[in-house]
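Two complexes come next, and they have one chain in common, chain A, joined by chain B in the first and chain C in the second.
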Partner chain A sequence: MTTSPFQVTSRLVKDVAIVYPRGYLNNLSGEYLVNECGRHAQAGLKKIVVNFHETDLINSIGISFLLNVMEDLQTAGGTLCFTEMKKVHLDTFEMLGLTKYFLFFPDEEAALTALDARKR
Partner chain B sequence: MELRKALYNISALGDLGVETTSEKNFQEKLDSLLHVVLGTFLAGKGAIAYREKPASEISFVARKGFHDLSVGDIDLGPLLAAGRNRPYHPAGNEALAGAGVEVITPLWERNDFIGFVLLGKKFTAEPYTGEDLEMLGMIAHQIAITLKNHALFHHVTEQLEENRKLYEEMRRIYHDTLQAFAAAIDAKDLYTKHHSQRVAKYSVAIARELGWSEHDIEGIYVAGFLHDVGKLVISNEILNKKTPFTPDEMKEMRRHSLLSYKIISQIKFPWKDVEKIVKHHHERLDGTGYPDALSREDLSEGAKILTLADSFDAMTSERAYRKKMDVRKALAELKNCLHKQFDDRILLAFCKVLDKEIRGELPEPDILPHIERGSDLSVISALLEGLIEELSGDSREA
Partner chain C sequence: MPLTGLPAKDYLNREDDLSYLRRLADMRQDSLAANVLLLGTRGIGKTELLKQVFREVFWEGREVVPFYYSFKTAALKSSTFARDYFTRFLKQYAAYVKKEPLLVDDAGMSLTRLMPVLSSAGLDWMLDIVDAFQEHAVSGDLYGQILAAISAPAAAAKRGGRRILVMLDDFTASEDLHEARRGDAPGLASLFEESMKNSLCPHIITGSPTARLEGIFSDPSLRKDTERMQLLPLPEDTSFSFFDSLLRKMHITCDMREAIGLIRTVRGNPLYLKNMAKAAWKTKKKELREKDLAECYCHEILDGEISFYWSSVLSERIRTKNLLRTLLRLLMRQMTKEGADDEARLSQVLGIRDAELGQAMEILDGNGLGRHDDPVFEDFVRALYMREIEGRSAGEIRERIGERFGTQRDSSRFEMVIPMTDQAELVAARAVEQIGKNINLEPDLLNYIQLALVETCINAIEHSGSYEKKIYLNFLSTPEQIEITIESPGRSFSLDSLRESPVEEKLASGRKRGWGFTLIRKIMDDVRVERVNDRTRVTLVKKIRNKEALK
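Up next is the complex of A and B:
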C-alpha cells in the first residue's frame, strides 16, 4: 500500500495509453502526470486517455499541467481524451473555453471506441 | 458564465494563498506560484524573475518556456516606469516580442522593485481581457509579498550566520591568546612544560564528570590555563632551582597564586569565578593552604577541582628536584591527602574519568595515555575500581 497522497498509474489498451491520476491534481502530482504522459508519447503512443474517476480536485495548477500535456501531445500529432470528469470540473473547462481543444467522454469504453473509429 | 469565471478566479486566489503559505521550499513554492498564474490565464509560457537584494542582479527563478530569453535583453526602463504590480502589453521590445511575451508585470512590494512576471499567449489564442489584467495585478502583488518575505528571511538568516562566525572568530582569538599565555608560563619553567594545558584538560574532564554545564566547563578550562600565570613574575632562579627552597624562596614561590589572581582580575571573563578558582588553587580543605587559608566550606567546587588536577599533574610530571610518580603512586598519594587537601567527591569523579578512559568510554582518552604509556592498565583498573567503591561509600555517608 502506498501512502502517497497522489499517484499516477496507467495501462495500455492496444495503441492507447489510459492514465489514472488519483487524488489531488496540483503541483507535484501534475508533474507526475506530465511525465507519465510524456513517457507514453516518447514510446510512440499518440492516443492518451486520462481517466479522472479518482481525481478529487483540479485547481489552477492542475489545469496548467493538463495544458502542458495537451501541448506536448499536439506537437507530437497525438490525441488527448478525458473521461469520467466530474461535472464541476467539466463546467470549469467549459467556462475557460477549453472544451473544444480536448475530447471528453463519459467513460473509457466510449473513448476507446471513438479512438478506434479514428483509426483508418 | 460570468459568475463561474469569478468563482474560478477566486479559487485561483485561494490556490495562491495555499501556495504562498505552504511549507514547501522556496523553489517549489515559486514553481507552484508560476503554475497558478499559468493555469489561471491558460498561458502556455510564463516566468518569474526576481532579485534577492536591492543591489543584486535580477534573474529568472521559475519559468516554463521562454528559455532563450535572458534578463539582460529586457529593457528595465519601461518596466520601472509602469504602474506597480500593473500588467501591461510590452510594445517595442524586440527580445520580449521575439520570445512571445504577451504581458509583463513589474513586481513591487512597498517601495522596492523586486522583479517581474512574464506571460505568453493564451492556449485558446484569445486576447487578455481588462479583467484578466486586473486579476493578474492582484496575483502579482501576492507574489511580490512572497518574494519580499523570502528576501527578508534570507537576510536575517545571513546576518545570524555572520554573527555566529564573528563570535566563533572571537572565541578562537580568545583561546589562541590563552594558549599563548600558558605557553609563556610553561616556557619559563622548563620542568613544567605543558603543565597548564594538562591541568586545564584534567579539570575539564572532572567538571564534565560532575555534570557541569558546557559554559561552566569552558570557565574552568580557562582557569586551568591561567592558574600559574603569576609565575611569570617569579624569578627564573627560584623557579628552576634544583635544590629545596629556603623559607624566603618558598614565601616568594607561594606568591604566584595571588599574583595569578591579580593579573587575571584585570580581564573581564564571560565565565563566573575564574579568578577566584585560580586564586585558591593552593588552598587545602584543612585550612593550611595559601594565600587565604580557607577551609572546606569556603572553597568552591571549581577551586577543589583545579587543586586536585594541579597536584595530580605535578606528581606525575618530572620536576627539578624529583622523579615523576606513576599513576598508582599518585592515586595513593591523593587518597592519603583526602580530607586534608582534597575533596572525596572530586577524587571520586577523577577516578571515574580514569576508569572510563581505560574502558574506552571517553571520546578522546587523554590522561592515562600521556603518563602510563605501555604500563599494565588492568592493575590500575583494579585499583580504580576499589577506590571508586570506597569513595562512593564515603560520599553516601557524607
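Up next is the complex of A and C:
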C-alpha cells in the first residue's frame, strides 16, 4: 500500500459519468467524491460509474460517503456502479453486509454494457 | 531491609527514575513535584528502585530522612501495625541522624530501648511524639494510635527541621489492615491523606498489582497531589547484559544468540532473569546453550522460584481448589480463544456456574491477571492447567513447555507515537506493512490488518477529548500472531457500549456511520478495550495460520 494524495477526476462516456477517486478515501476525500458525483447528478446525469483502480485504501468513513453518493443518486432515480475494486475493498463491503446494496463490475467495459442494457 | 539494595554498579537502566526520586523532597518543597505513585508489573523492580533511592538519600547528607515501609511484611492487625510503623520510622530516623545503617533493620530494638538512642542522637523533641503515641495506646484508642503512627513523619518533619521521604511499598496489602479479622476496617488507607498533603514529607507509594493500587488511588482525597510514574521493562540489550553479568559472577558464559529466546520471553523483567540465572547455576554447566536454558526454564515454570512466586500470588486471593480450577480455565480460555466472549457465553462453554465465574473474573481483573503481556506467566498458567485440569504427568508438561520455549526468539517489537493529525493513521499502516513483510505475511492478510489499524486510530482520534494529541502504538509479532496495541488519552469507552446496530438501521440514519468497530472485529481474532492509567488501550490480535505466511 502506497498512498498518494487524494484526487478525484471524471470523464463522460455518452450519458455515463465515470469517476476516478485516487489515493485514500476517508472523511476529507469522501466529501470531494460526494461533490463530484453531485455535480454530475445536477447536470442531469443519472448513471455514475466509480472506478476504484487507483484507490489505495477506503476507510469506514469513506464507505459512509459512498453510501451517501448512492442514496443521493437513487433518490434522483439514477444508478451507481463500482468497478475495479481491489479484493480487500470488496471484502470490506462483504464483511459489513453491504454488497447487496451496490452493483460491482470487474471493469468499466462491463459496467457500461450493463448500464446500456438497463436503458433498453 | 531498605539498605540491602543491589550495589549501584549492578543496578541497571534506571538512572532517570532514580535521580528524579532522589530529588523529590527538594522539588516537592518547591511545589515542583507531587507525591509519586510508582506503577509497574510484578517483578519489574519497584522495590529495588525504592531501595536504591533509600541508600542514596541516606548517605547524601541533604537533610532528607529516608523512611521505607513495606506492608507485605507488616503485621496487618491494626494495633500491631501502628506500633510497627511507628517504631520503624523512629529507628530509621535515628539511623539517619547517627549514620548508623545497622539501626535501620535492628529488629531487636523495641520502642522502650529506642528512647535512650533517640536522646543520644540529640532528638529529645521526638520523645514528645513518642509520648503522644503511647497515650493512645494506654487509653486503648486504636484509631488515635494508627493516626499518630501514620502522621509521625509529618510531625517529625515539622519539629525536626529535616524533610522525610516516605516510601510505602506493597501498599496494596494495606487494604488488608484490620482490627479483629480481615475486612472489618476498610478504608484505613485514606488515613494517609493528611500526611501526604504535607510538602515536607513527600511520599512514594508502590505495590502490585497495578489495578488494585490504582483502585486505592481512585479515592479523590488520595488522588490529588499524586502523579504516576511508570516503571518500564528493561530493554532487550540491557536484559542480556543483566543476565550475562549474573552468569559471569558464577563463572558461566552464554552467548547472546543462545539467550535471545529467553530474553524475549521474559520481556525485560529482572525478576525472571535473576531466577533463570540461579537455575542455570544449579545445572553446573560452564557454558549455556539454548537447550540448557530451555531446561532451566521448564524447571522454573514447573517447580522453581518463578513457579513459587506466581503460586504465592495466586494463593493470596484463591483459597479453594475449585476456584483455582475455574480461574485456570478462564485464563486458558483468554489465552487461546479467538474472539471476545461475554460472561454468559463463557459460562456456557466452560460449563461454570455464573456465580463462580463472576467470582473468578473479579479476581482476574482485580489482580491484573486477566490482561497481561507476559509469556512467562502464561506458561506458568499452562503448566498448572495441564497438571490440575488435564492431569498430565510432570514429564509431559515439561516437554510441552520446553517446546514452547524459544518461540519468542523470532518475535519482534516496535513502538511508535503518531500525532492525532490528518492521515497520520496511514503512517501507522505503513509501519505494520513493513512489519508484516518482515515475517512474510501474505499481502491480503496484511491489507486487512492495516485496515483494522487505520480504523482503530481513527476511532482513537474521534474519541479523544484530551489535550495530548498523540497515539501510542506497540507492535509485537511472533511467528504465531501479530498483536498491536493502540493507546490514546481521552474519554474511555468499552466494547459493550459499541452496540452493533443492524445494517438497515445504519443505512437509514443520516450520517451512515458506525462501521469501524464492526470491521475491526470481523478482521481481527481478538479485540480488547481497557483503561490503562489515563489512556484507553485497544489491543488487536491476529493469529497467523500456516497458509497465511508465505514460505
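By definition in this document, the second predicted complex is superposed on the first by the 116 of 120 C-alpha atoms of A that agree within 3 Å, B and C clash if a C-alpha of one lies under 4 Å from a C-alpha of the other, contacts with A are read in each partner's own complex, and residues count from 1 in each chain.
The rule is short, and it goes like this: contacts are C-beta pairs under 8 Å (C-beta built on N, C-alpha and C of every residue); 3 or more make two chains touch, one makes a residue touch a chain.
Model, not experiment: these values are computed from the prediction.
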Note to self: Please determine, from the superposition on chain A, whether chain B and chain C clash or fit.
What the structure shows: clash
Next item on the list: May I ask you to decide whether A:Gly97 touches chain B, chain C, both, or neither, giving the answer as first, second, both or neither?
Entry: both
Next item on the list: For A:Asn59, select first, second, both or neither according to whether it touches chain B, chain C, the two together, or no partner.
Entry: both
Note to self: According to the stated criteria, A:Tyr24 is in contact with first (chain B), second (chain C), both, or neither; which is it?
What the structure shows: second
Note to self: Just to be sure I read the superposition right, which of the two partners does A:Leu67 touch: chain B = first, chain C = second, or both, or neither?
What the structure shows: both
Next item on the list: Check the residue A:Lys87 against both partner chains and state whether it touches chain B (first), chain C (second), both, or neither.
Entry: second
Item checked: Listed stretches 95-103, 257-265 or 455-463 of chain C, narrowed to the one that overlaps chain B -> 455-463
Next item on the list: Find the residues of chain A that appear in the contact set with chain B and again in the contact set with chain C.
Entry: 26, 28, 59-61, 63-64, 67-68, 71, 91-92, 95-98, 101
Notebook entry, point to check: Of all residues in chain A, which touch chain C in the complex?
Noted result: 1, 3, 24, 26, 28, 57, 59-61, 63-64, 67-68, 71, 86-88, 91-92, 95-98, 101
Next item on the list: Give every residue of chain C touching chain A within the complex, in rising order.
Entry: 422-423, 425-426, 429-430, 433, 444, 447-448, 450-451, 454-455, 458, 503, 507, 511-513, 515-516, 518-519, 522-523
Next item on the list: Would you mind writing out the residues of chain B in touch with chain A in their complex?
Entry: 1, 4-5, 8, 11-12, 15, 19, 24, 28, 31-32, 35-36, 38-40, 42, 44, 64, 123-124, 126
Next item on the list: Would you tell me which residues of chain A are touching chain B in their complex?
Entry: 26-28, 30, 59-65, 67-68, 70-71, 91-92, 95-98, 101
